Amino acid sequence: MTEPEDLPDDLRERVSAIAEKSGFVPNIFRALGHRPAELRAFLDYHDALMEREEGLTKAERELVVVATSAANHCTYCIVAHGAILRIRSKDPQLADQVAANPWQVQLDVRGRAIVDLALALARSPELLGDADIARARAAGLTDDEIWDVGAITALFAASNRLAHLTALQPNAEFYLMGRIPR
Amino acid sequence: MTEPEDLPDDLRERVSAIAEKSGFVPNIFRALGHRPAELRAFLDYHDALMEREEGLTKAERELVVVATSAANHCTYCIVAHGAILRIRSKDPQLADQVAANPWQVQLDVRGRAIVDLALALARSPELLGDADIARARAAGLTDDEIWDVGAITALFAASNRLAHLTALQPNAEFYLMGRIPR
Amino acid sequence: MTEPEDLPDDLRERVSAIAEKSGFVPNIFRALGHRPAELRAFLDYHDALMEREEGLTKAERELVVVATSAANHCTYCIVAHGAILRIRSKDPQLADQVAANPWQVQLDVRGRAIVDLALALARSPELLGDADIARARAAGLTDDEIWDVGAITALFAASNRLAHLTALQPNAEFYLMGRIPR
Amino acid sequence: MTEPEDLPDDLRERVSAIAEKSGFVPNIFRALGHRPAELRAFLDYHDALMEREEGLTKAERELVVVATSAANHCTYCIVAHGAILRIRSKDPQLADQVAANPWQVQLDVRGRAIVDLALALARSPELLGDADIARARAAGLTDDEIWDVGAITALFAASNRLAHLTALQPNAEFYLMGRIPR
Amino acid sequence: MTEPEDLPDDLRERVSAIAEKSGFVPNIFRALGHRPAELRAFLDYHDALMEREEGLTKAERELVVVATSAANHCTYCIVAHGAILRIRSKDPQLADQVAANPWQVQLDVRGRAIVDLALALARSPELLGDADIARARAAGLTDDEIWDVGAITALFAASNRLAHLTALQPNAEFYLMGRIPR
Amino acid sequence: MTEPEDLPDDLRERVSAIAEKSGFVPNIFRALGHRPAELRAFLDYHDALMEREEGLTKAERELVVVATSAANHCTYCIVAHGAILRIRSKDPQLADQVAANPWQVQLDVRGRAIVDLALALARSPELLGDADIARARAAGLTDDEIWDVGAITALFAASNRLAHLTALQPNAEFYLMGRIPR
């Protein structure tokens, strides 16, 4: 595990900014830090998709992350992004429900379409086809939003596997974040 | 599909350099070009892992890509990286054999350990554990090489899904590259 | 949904006693109450296994419940018994970790043997055989404890399915119970 | 294995009554007898569901048992309840056909709806949702009958696993019962 | 369905000989008879493997057929060859036990090795490799016997699918054959 | 491996005729030659289905073979019949696309119906039912063509497994055949 102070300058600054905002250094940065070029690209990819202003809302992006991480049984991503989903959705129960059963969690039509597309791509990507895209469009998703869903699912297919590879444990702080609505 | 001339300067240059070397613009760049920030991060991540000098050989990196893309049934990645594997391994048959059945393709002990770890992480990442890592080490892989295998598998878990999302077709050139040993 | 006051006397008393202890009426009783004979048998079976003094500890019994309910993606049982596991194990993180990935959650040898046996029986019971029992014994489980694991897994195979059948939602209280160690 | 004479009085009487009617002691009672409280609850649950007068017919209840036990590959339950299905349906071939392939056995619309719902809940309960319930209703099942199908499937999810846990063998008598229509 | 009298001479004679011996025309011949060249080749292949004198015993050959047909849930083959297995093994219960759960039916070491190899090849042939062959040899199977197991499994992979394609129903006679030891 | 000169006269002649036409002896004949009666029946079955004049075109027959062999991950059959598909379809890319992902390869309505039916029967034959046949008919396939698809799928379910059993390697010639349109 690499501590922030051992990172190259640009990465130390980025991770420090996140740590300042969260109050702690998320363990994923410790796990990836020994390969700065990979961590840099990962952060860039993450920010391009998760901080994007157009398309899906911030809460919807986290919904995709929690749903696909649940389908992949990735403990770090479920717990860490479950916390962020609680905060962004202002719903203290949704993340646990999505994590428990993304296939049947009760969502509105738009939420269901987002999660259905994400789950299809997450676990049996070879079966994904025109019918899935057509269903997403029929539920009102634009092609830009469909790309967001697909690309976030793809990024976390990678992210989940990095966490599995390192048996990454969530920071203790994540378990409690956003559970008590302020 | 985005043509290179419609990309931001830095990306146009990178893609042009690749096109010059290959003789054509691989379709993946056309598919990702409408989101330059994502394409840039993807390219950076790809280069950090696939152009790395230490750890796995270049041919072994492509072996991971073809094996996991085969397990994910990703047509673009199988055909495009199959071509690169033929060239880097100087073996005109290996890629088709890996693509047909990565679980049982005949490889030496090191190759088998690389592919077994990659396949375990590719399709049932929730089951990956200490036993898989121990088997890889027992076959002689260093922790640095194990990271290479895992991280390439993770990146192509993403890459495969982007190709599935866009029903991406391989360029005609890939089908023939490296089939006739020079 | 059947409220406690609409239950036959004996069941109303049993459910009221539970409600008094918990501070609320767990929704499972509301879901099963329209069939008193079935609820009575379910409660008897539950108490015979979950309140038993010999064999597995109370925390270990809940570990079996959360692990198998996670494998079955049963939202009600994961959230409700996750709360009880937090309280009985005095560990505020264990339940979320088990729920996220029961196959790879870090446990001691005894805990791992309990969960492995439970998971084998939960999802592919047709493959369970002498080898599974032998592994459980080798990890130190007695035949009485092995029965506990198997019988609790069996009971919650039923319980999970009743919750799935009714799309049962966890009471809001469960989400927070046991998260802050006292 | 616990013989009836070693059971507590109430259970000895219940099992004896069954044995008198059948001509032999079904082995399931021998397998569960060492835990009288569990056997008592199991019998109560079984009788509440399988002896109920309203809702599904007796033959339909056994159809659910044989179909889900077949999906779970539970030898004891297939052979024992196959015998009862032969008797209750007065059809000497139906049980073997359901046991061989419950997904495609030829049934009338009502039978097919019953078996489809049972199979969906038996093997992939996490996917069961409104669509399954809607299909059952569209085939004419009442909500009371849907509960019967679901609850019997749930009970035998437990029962099958107890038989798997004990590698329970069917009594020789079951193999021949009901094969020759009288 | 093609009746024997509508078959070409050579096939009519072969099928008549079988019918005379069995007392009825097995429905598989009716199902395949409209394509005489295919039926002829099928019969030749069947006889080459099932009537062979060396290698596996006749009962062992039927054990392979029932086990793999059970794994493929082929009603016709389970019922028809279950009857033949009862007769050839002189065991009235074995066929139903194999049909219910081929993975865990109690067999001696040789029988278990035969069935394990057959099941491995039947359902996940892409995973079959040196380890499976080594296990079969370690249990004492000769290479000639291993071929018998594999080739019979292969032939019935075809045969099962022809029965599935035609929703082929077993003749009524098969259900009762061999149930009462003479 | 059995060389043609060691085969009985009739088989030596048949194999020689094939070798003359292809320019080499396909390895499948070497693998099956030690059991002449089985090889003879296999060849007869193969010719009855693959050389048939009515029904599916020759290219469509090979499409079924490559699609189902891909679903079964059979290296020999994918490479050998991929070569024949290239030649018969006069399309140098189709075989690689089908081999990579038969579920989503882009085909016209008729081709898609053929491949969908073949894939359904190849991997989950127990689920094949009236709905699959109805879909094939709705796409315009005649019952004679549906039989062709099903029977070829069945034959190659056998053929694939014989290749898996022997870890059969494709002849080097197959890899290049038909890649460069003349």
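We call the chains A, B, C, D, E and F, going by the order they appear; numbering starts again at 1 in every chain.
One rule holds in what follows: contacts are C-beta pairs under 8 Å (C-beta built on N, C-alpha and C of every residue); 3 or more make two chains touch, one makes a residue touch a chain.
On a predicted model such as this, the values are computed, not experimentally measured, just so you know.
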item: Graph distance between subunit B and subunit F, where chains that touch are linked; value: 1
item: Interface residue identity across copies subunit D, subunit E - same or different by half; value: same
item: Greatest separation from subunit B - chain, by CA centre; value: D
item: Whole-Å separation of chain centres (CA-atom averages), subunit C against subunit E; value: 43
item: Centroid distance [mean C-alpha coordinates] between subunit D and subunit B, Å; value: 51
item: Chain centre separation (subunit E, subunit F; CA means) in Å; value: 23
item: Multi-chain contact sites of subunit B, meaning residues that touch two or more partners; value: 73-74, 101, 103-104, 126, 128-129, 164, 167
item: Touching pairs among all chains present in the structure; value: A-B, A-C, A-D, A-F, B-C, B-E, B-F, C-D, C-E, D-E, D-F, E-F
item: Subunit E residues within the subunit F interface of the complex; value: 35, 37-38, 40-42, 44-45, 48-49, 72-74, 121-122, 125-126, 128-130, 146-147, 150-151, 153-155, 157-162, 164-165, 167
item: Residues of subunit B that touch subunit C when the two form their complex; value: 126-129
item: Subunit F residues touching subunit A - in the complex, by the definition given at the top; value: 101, 103-104
item: Complex contact set, residues of subunit D against subunit E; value: 70, 73-75, 78-79, 92-93, 96-97, 99-101, 103-106, 164, 167, 169-170, 172, 175-176, 179-180
